[in-house]
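Labels A, B, C, D, E and F are assigned to the chains in the order they are written; within every chain, residues are numbered from 1.
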C-alpha cells in the first residue's frame, strides 16, 4: 500500500477515536490527542475570513486543554446534553519531514432534554499533526465553524 | 418611529387587560408575562428600541476607512452603519426606500455606494437616493412622475452619536444628547474604558440565547449571582461576595454599573454561604489568569449596562461590547465585539485574546449565565401569571456599596414601567 | 392557579366570538377550531390542567427511595415529583421561587435538596425554602429585608394523591379526593391493574406527535377504529369488531374505559366490512404473540382514559402509562412509562418487554395511531370552520356493550364544553 | 366557505384598527403590514382563496387516465384532483367527512376509490361517500343512526373548470364562469399557450420561499426589474429594457400579462442605466440559449398572472405553471409544473428540458427573484408601519406599452383592497 | 495490509451496504445482515444509561426481523417518507476468536411530503459481529439514540 | 490489496476532494472533475421515481458546467452562505471495462447570515466514472435529492 493512502487510513482512525472520545464524554482522555505545546482553536468563520484573531475557544498548551476539561467537569453550570460528531471528507493536504496537515468536514448534532436533535454546528477541521512515539498527535487543531451564531453555549470542545 | 403612514398604535384594550397588570408589590416584583407576551414585545420595539434611546451600533474601528460599512440591528430592525467620504459616521435603515428590500447582505465591507439588487436604486454612504434607473423612462415611455423627488425617497436616517470611538444611533428626534442621556456618573465610567485612545477590533462572537432580552440585563445588573453561580470565578479568586464592590445607577435607573475588585482566594467566614468554594485550586496553565493592571483605580471588573441594548464589559484585560439584538419575545442574539487599543503591544493583545476564554459563547464564566438564562425562560414562560421576587438589598432602587442587592434590577424595571406605561 | 398576582382572565370577547361558537348539533359535532386556536389552548392550560383535576405525574417505583425525584409536566407546566425523607411523595413546581429558574434539569435522580443554580436558594424535598445565601448580607451590608419570611417563599406545592403505586397531583384546592374524582366504576378498573402489588419500572418511550392533545384521547376513546385501522391486530387475531367488548364512562363523561376480549382469527360474515382482513397469517417468530393470562376475567385489552392527561394501557401483557404533555395547540409529547410487577419472574419480564413491540413509537399497533393523529391535524388545521361528525352509536354519551360507537368521545366533549364554557 | 357551522367572521375590531389602515396615497403605496400580519393572512384564506376565484389545481395530463389523482392545495387548504371513470375531472377537499383526516398522502397516483385510514370510510372518485364500515352495527349493536344519510356526508366538492387541458377549481358558488372570470384579453393570452393541443408533463420543481405570497405576484407583475436584476438575461440578450414590450390587465386588475420580445445583445444609449450590462459574452456551450420559434407573433416571453394562485410562464421554449401555495404569512411554496406538448418530438422535448435551466429553484434567471423576495421579506417584516412606493409609470393602473412601469402591481392591489375591504 | 486495518475496511463496506439497503427500501434484504439468533434493539439513551431494559424496537431472532419487515410492508399504516443514513467514525472496539465488536456514529435524516428534511435521530451503533461463510453478520446490533424523543413514529429500522 | 478495495479507497479520496472543492468555493476547479461530454443532473426524488425527465439543474457537457460556474460567479444575485457536504456510504456498484458505477449518500448543510445551520438537502449520488489519463472523472453524476422541496434557491452545485 502506498504511504499516502496508509497515512490517510491512519488519520481516519485517529479522527474516529477523537470524536468517539468526545461523544462518549471521556473528557480526561481528550488532551492526550494533542502535543504538549499544541494550539487548539474554535473560531467562527467570520473571524477566520476577516483575519480577526479572536477565537471562541483558545487553548495554547495541553495544560490549557486540561484546564478546560476541569471547567467542564467541575466548575461550569450547564444543562444535560448529548453531542454527536459526524466527520467526512478527511484529506491529507500536506506533508513535510516534520508534520502533516489535514482537513475534514464535521457536523456536531446536539440533543437537549425534552428537545429534538438539532445541528449544533458544522465546519472544517484545519489540522497539523506530528508523530510522537509513533502516534499521530495534533500540534494544531483549528475548528472553523460555518454558522457564526452559536446555539446558546459552546461548552464541550469540538 | 415618526413615520406618518399606518403607524401602529396601542389598542386601548392592550393597556387595560388584567392579564397585563403589574403586581401590586411594585418594584419588588416582575410579572412573568413581560418575558413572553408577543404584544409586550411589539410595544417594546416601538417604545424602547424605536423610542428616545441611544442604541449601540458599532465601534468606530469596525468602520475605520471611508466607505466601510457594518450591517446590524436595533431591536429587530435591520440597519446599516457607514463611514462617509467625509469621514463622518452614518446610520440608516437596511430597507430600500422603494419596495423594502434588505439590500445590504454582507456583515461588513467597503463600498462606494449601496445598490439595491431589485431595481438598482442606488444610495450614497449617507443613505441619500442617488439614482433611480429609468427614472425618465426608456424611449420616452414610462419612468417616475415629474414630481418624484429623490430627496424625499432616501433611506430613513437615524441620528448618530459618536463618543471616543463608540457609535450609537436613535430613531427618535426626542432623544437628548448622548452625554445627557448617560448622565455624569455613567459617562465617567464609560470614559474609563473609552478614554480617547483608538480601539482595535479583535473579533466577534455571536450567541442565540433562547430567553427574553431583559433577562440578559437582569443578569448583568445582578451582582448577587456572581459569587454563587460562577464557580470558576470563585475557585480562582476572580470574584467573591466579600470583595469590595458597588453598584451605581443613573438618575432614571435605566443605566447601571457594577464595579468589583479582586479578592483573596481563601476561605473566610462570610463565605460559609458559598457552597461552591474550593480552596487552593491551581490551573495547569496559569497564563490564562495572569492579568495586567491597566486602568486607574483598583476595580478589576466593571460591567456597565446601557439602555436599551448594550453591556460594556471589562473583566480583567478582556474588553467587549455585548450588543442585544432581539429576536421575538423568547430569543435574542448576543453579539460580542471584542476589542483592545491600537497602542497595545503584541503581548497585550495576546493576553486579551487569551482572557477572552472567560467570556463569550464558550466563556468559562459566561457559559453559566447563558445557560441560566435559558433555564429562567423555561421556568417562566409557562407560568405567565406568576412573578419574580426582587427583595435582596431592600425594596429601593438606589446605589449600593456592596453586591448583596437587586437594586439595579429594580431600577431597570422602574424605568421600564414608565416607558411601557405598565 | 390560585396566585393572586397578575392572573390572566378570559377577555369577554374570547367567549362570545362567533369564531368560537360550538355547532348547533351539539354532542355529535366537534368544531375544528378546538384543535388549533391558541386562545383555546391557553384556556385549556388554565381551566383544565391547572384546574380541578388529578393529573398523572409518576409511578411510585420511579421514585422508590427517599431523595429520588422525577422531572415532568402537567399540561405544559414543569413540575418535580420527589420522595421525601419521610417516604411521602411531594410535587411542586420546577420554577425557583426567587426569579423563576427551572432548576431541576435531570429527568430522574436522587438528591438531598434542590439548589437553584442562579443564586443557590435551596429547597428541601417538600419544596420548602431552606436557605437564601447572604440572606443577612455580607459584612453587615445588604441581604434580604428582616420581614422576608422563607416560609412564604417556598416552591409552589401541588396536592398529591397516591393510589396503589400511582402518583397524581393537582394545582387546585377544589379537586375532590382521587377516589371521588374517579368514581366507583373507574376506580375498580384502575384497581384491576393497580391491585396493590409493587410495580417495577421497565423503561420509557417518548414521542413528539404533531397533533392536538385531544386527538390522543379521541383515539383511545374510539373503539370503532381498532378493527379497521390496525391491520396487525386484526391479521393476528388480537382485536376484532366482533370480539365481545364494551365501553364505560364515569358520570361526568371525562374518564372512560375500553374493554375487549381476544376473538378468533378467522373470517365471519360480520367482518365483510373489514377490508384489511387476511386469514391464516403466521409470524415467523411466534414468541411475540404468546400472551400469558394474568388478570381476572376474560378481558385481554383494557384501555382506561383518565382526565386530563393519562391513558392506562393493558394490552395483553404489556402495561404502560401514557402521559400527555401538551406542547402548544398543535403538538404534544406522549410519554410512555412501561412497567411490570415486582413479583414478575424473569420470563414474565421478558414477555412484557417483547410485547412492548406492539406499543410505543415503534409499536406494531400504535404506529398507526400516531400517524393517523398527524393526518387528522393536517386535515383539520386549515379548515377551522368545519367540524367532525360523531354519530356512530347514536347521539348519546352512555356506556355501550359493543365497539361500534363514538359514545366515549361524545362524553369527553360533553365534559370538556362544561369546563371550557364553550 | 359556505359551511354554516362555526364560520369565522371578521371581528369588527380587525377592520377599523388603525394598525390596518391603508396609506392615504392609495394606489402608489403598499403598507408593509399586509406581508406579515397573521389576521390579514387568515382573512386572505377566507376572502381570496376560498372566495369567488378560480384557483389552478392541475394540468389534465397529470391525471390523464380514469382513476388518476393529484394531491394539492388552494391557499393552505388541502384538496384532491381526480379523473373519474367517466373521464370527468373532480376536485374535493383532502379531509375526511368523518373526523377530518387528510386521507390522501401520495402526491400522485391511480386508484379506484379513496379509503380513509382511520375508519375506512370510502369515497368514489367524485368524492361521494360510498361506504361506512359497520354502518348498521355488528351483531345488531351500534352503527350509525337510521337517519344518517351518506349523501349528506360526502367530501366537500369544489366547482371545476377545465380549459384546454388546464384545471381550475373554486370553493365558491358565486365565482363566474372561467371564461368570464378571465375576460376576453386574458383568455386570448391563455389560449396562446393552451391552444388545444394535448400537453405533456415534464416534471416538477418545488421551492419553499420565505416571503409573503403577494411578493411573488409583485415580482412577475413588475417588468421594471427584469432588465436590472437579471444580469444573465441582459448579458445574453434575452431581455432588455428597450425591448419592445407591454403589460396588459383584465378589467378588475387582478390578472395581468407581461409580453416582451428578444432584443439585441449590444449596448445602446438607453442602457446607460443598466450597470450590469456586459457586451459580447458567450456561453461555453451555446445549446442552452438556442430557442426555437413556436408561437405566433414575435413575443419571446409571456408571463401571465392569474388571480389568485397562478403564473403561466412561457420563456422561450420553457413552459411552466407556477402555483402558489401559501404557508402562513411569511412563507409560500412555489410549485412548478413544467410541460410541453404531446406532439413535441424528442429534440423539442430536450430543448425544453435544457431551457428549464433558466427557471425553477436553480434557474439562471429565477434564482435572482427568489433571493430578492427573501430580501424583501427581511426588510419589510420588522418595519410594518412603513410602506412600499409604487410610482413607476405614474399612479394609474392601466395597460402600458413599455416596461418602465409598476402599473400591474397597482392594479393587483386595487383589486386586493376591494376583496379584503382594506 | 495489517489484519486490523483490513477488518476496519471490511466493516466500512458492510455498514455502507447495510444503510444503502435500508435507504433504498430493500427491506426484504435487511434481515440477511443478521445471524439467525441475533439480537436487534433500538433504545433511547435514557433507558440505556439508566439500565432500564425497555427497547423502542426489539427483535430477538432473524424471524422477528422478518416479522417487522412484514409489518412495515403489509400491516402498518404510515405516510410516505424518505430516510437517509449518515454513518461516521466506524471503529473496531474489540475482537476475540469468535466475534468482533464495533461502534459507529449514525444520523438518520427524514423527509416527509411537503416538508423540508429533518434530523430524525442520531446515535451510536454498538455492534457484535461474527463471520458466517466468510461474511460478517450482526449477532447483536444496538442502536442507542440520543434524543429520547421520537419525531412521531419510528417505523423503519435504523 | 485487492483491486476492488483499492478502487473504493480511490473513490473515497475523489469524493473528499470533490466536496472540498465545492465547500471551499473553488468553483473554477469543479468542472475539472468531469469529462468533456459529461452529464450532470440534480433531480428531485419525485421526478426520478416517476420517470419524469425534468431536472432542477442540468448540464450536458463540461461547457455547461463552466457556464453554471460563470453564472454563480458573475450573473446570479444571491445572499452570502456557507455550504458543507457530508458524504457517507460510498459504494462501488458496478464495473466494466470502460466505466465504474458508484453510489453514496450525501447531506448538504447550509448556513445563511444571522441564521443557524440547516439541512439544505440530502440524497444520493448515482455516478458513472471513467479513467482519463489515470484519473477518475465523472462521466455522469446524478444527485437525487430526498426533499422535493428546495429551501428557496439551489444555487451552488451539489
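Assume a residue touches a chain if its C-beta (ideal position, glycine included) is under 8 Å from a C-beta of that chain, and two chains touch if they have at least 3 such contacts.
Predicted, not measured: the structure shown is a model, and the values here were computed from it.
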Item to check | For subunit C and subunit E, chains touching each | outcome: A, D
Checklist outcome for this item: In contact with subunit B and subunit E alike are the chains A, C, D, F
Next on the checklist: Measuring between Cα centroids, what's the chain most distant from subunit B?
Outcome noted: E
Next on the checklist: Measuring between Cα centroids, which chain is at the maximum distance from subunit F?
Outcome noted: C
Item to check | Centre-to-centre distance between subunit D and subunit B (centres being mean Cα positions), rounded to whole Å | outcome: 44
Checklist entry - In whole angstrom, what separates the CA-based centres of subunit D and subunit F? => result 31
Checklist entry - Of all residues in subunit F, which are in touch with two or more distinct other chains? => result 1, 9, 77, 79, 86, 88, 113-114, 116, 118-119, 148-149, 151
Checklist outcome for this item: Where subunit D touches two or more other chains at once, the residues are 105, 107, 117, 208, 229, 276, 333, 368, 371-372, 375
Item to check | Interchain contacts, given as pairs of chains that touch | outcome: A-B, A-C, A-E, A-F, B-C, B-D, B-F, C-D, C-E, D-E, D-F, E-F
Checklist outcome for this item: Listed in rising order, subunit E residues that touch subunit C in their complex are 42, 44, 46-47, 50, 52-58, 60-64, 66-67, 70-71, 74-79, 148-155
Checklist entry - In their complex, what parts of subunit C are in touch with subunit D? => result 13, 17-25, 29-33, 218, 224-225, 228-229, 241-242, 270, 273-276, 368, 371-372, 375-376, 378-380, 382-395, 400-405
Next on the checklist: Which residues of subunit C touch subunit B once you look at their complex with the stated criterion?
Outcome noted: 1, 3, 5-9, 11, 45, 75-78, 93-103, 105, 115, 117-120, 131, 133-134, 137-139, 141-145, 148, 153, 156
Checklist entry - So in the complex, which bits of subunit F are touching subunit A? => result 1, 9, 13, 15-17, 19-20, 23, 82, 84-88, 109, 111, 113-119
Item to check | Contact footprint of subunit E on subunit C as seen in their complex | outcome: 107-108, 201-210, 229, 231-232, 235, 276, 278, 283-285, 287-288, 333, 338, 349, 353-354, 356-357, 360-362, 364, 367-368, 370-372, 374-375
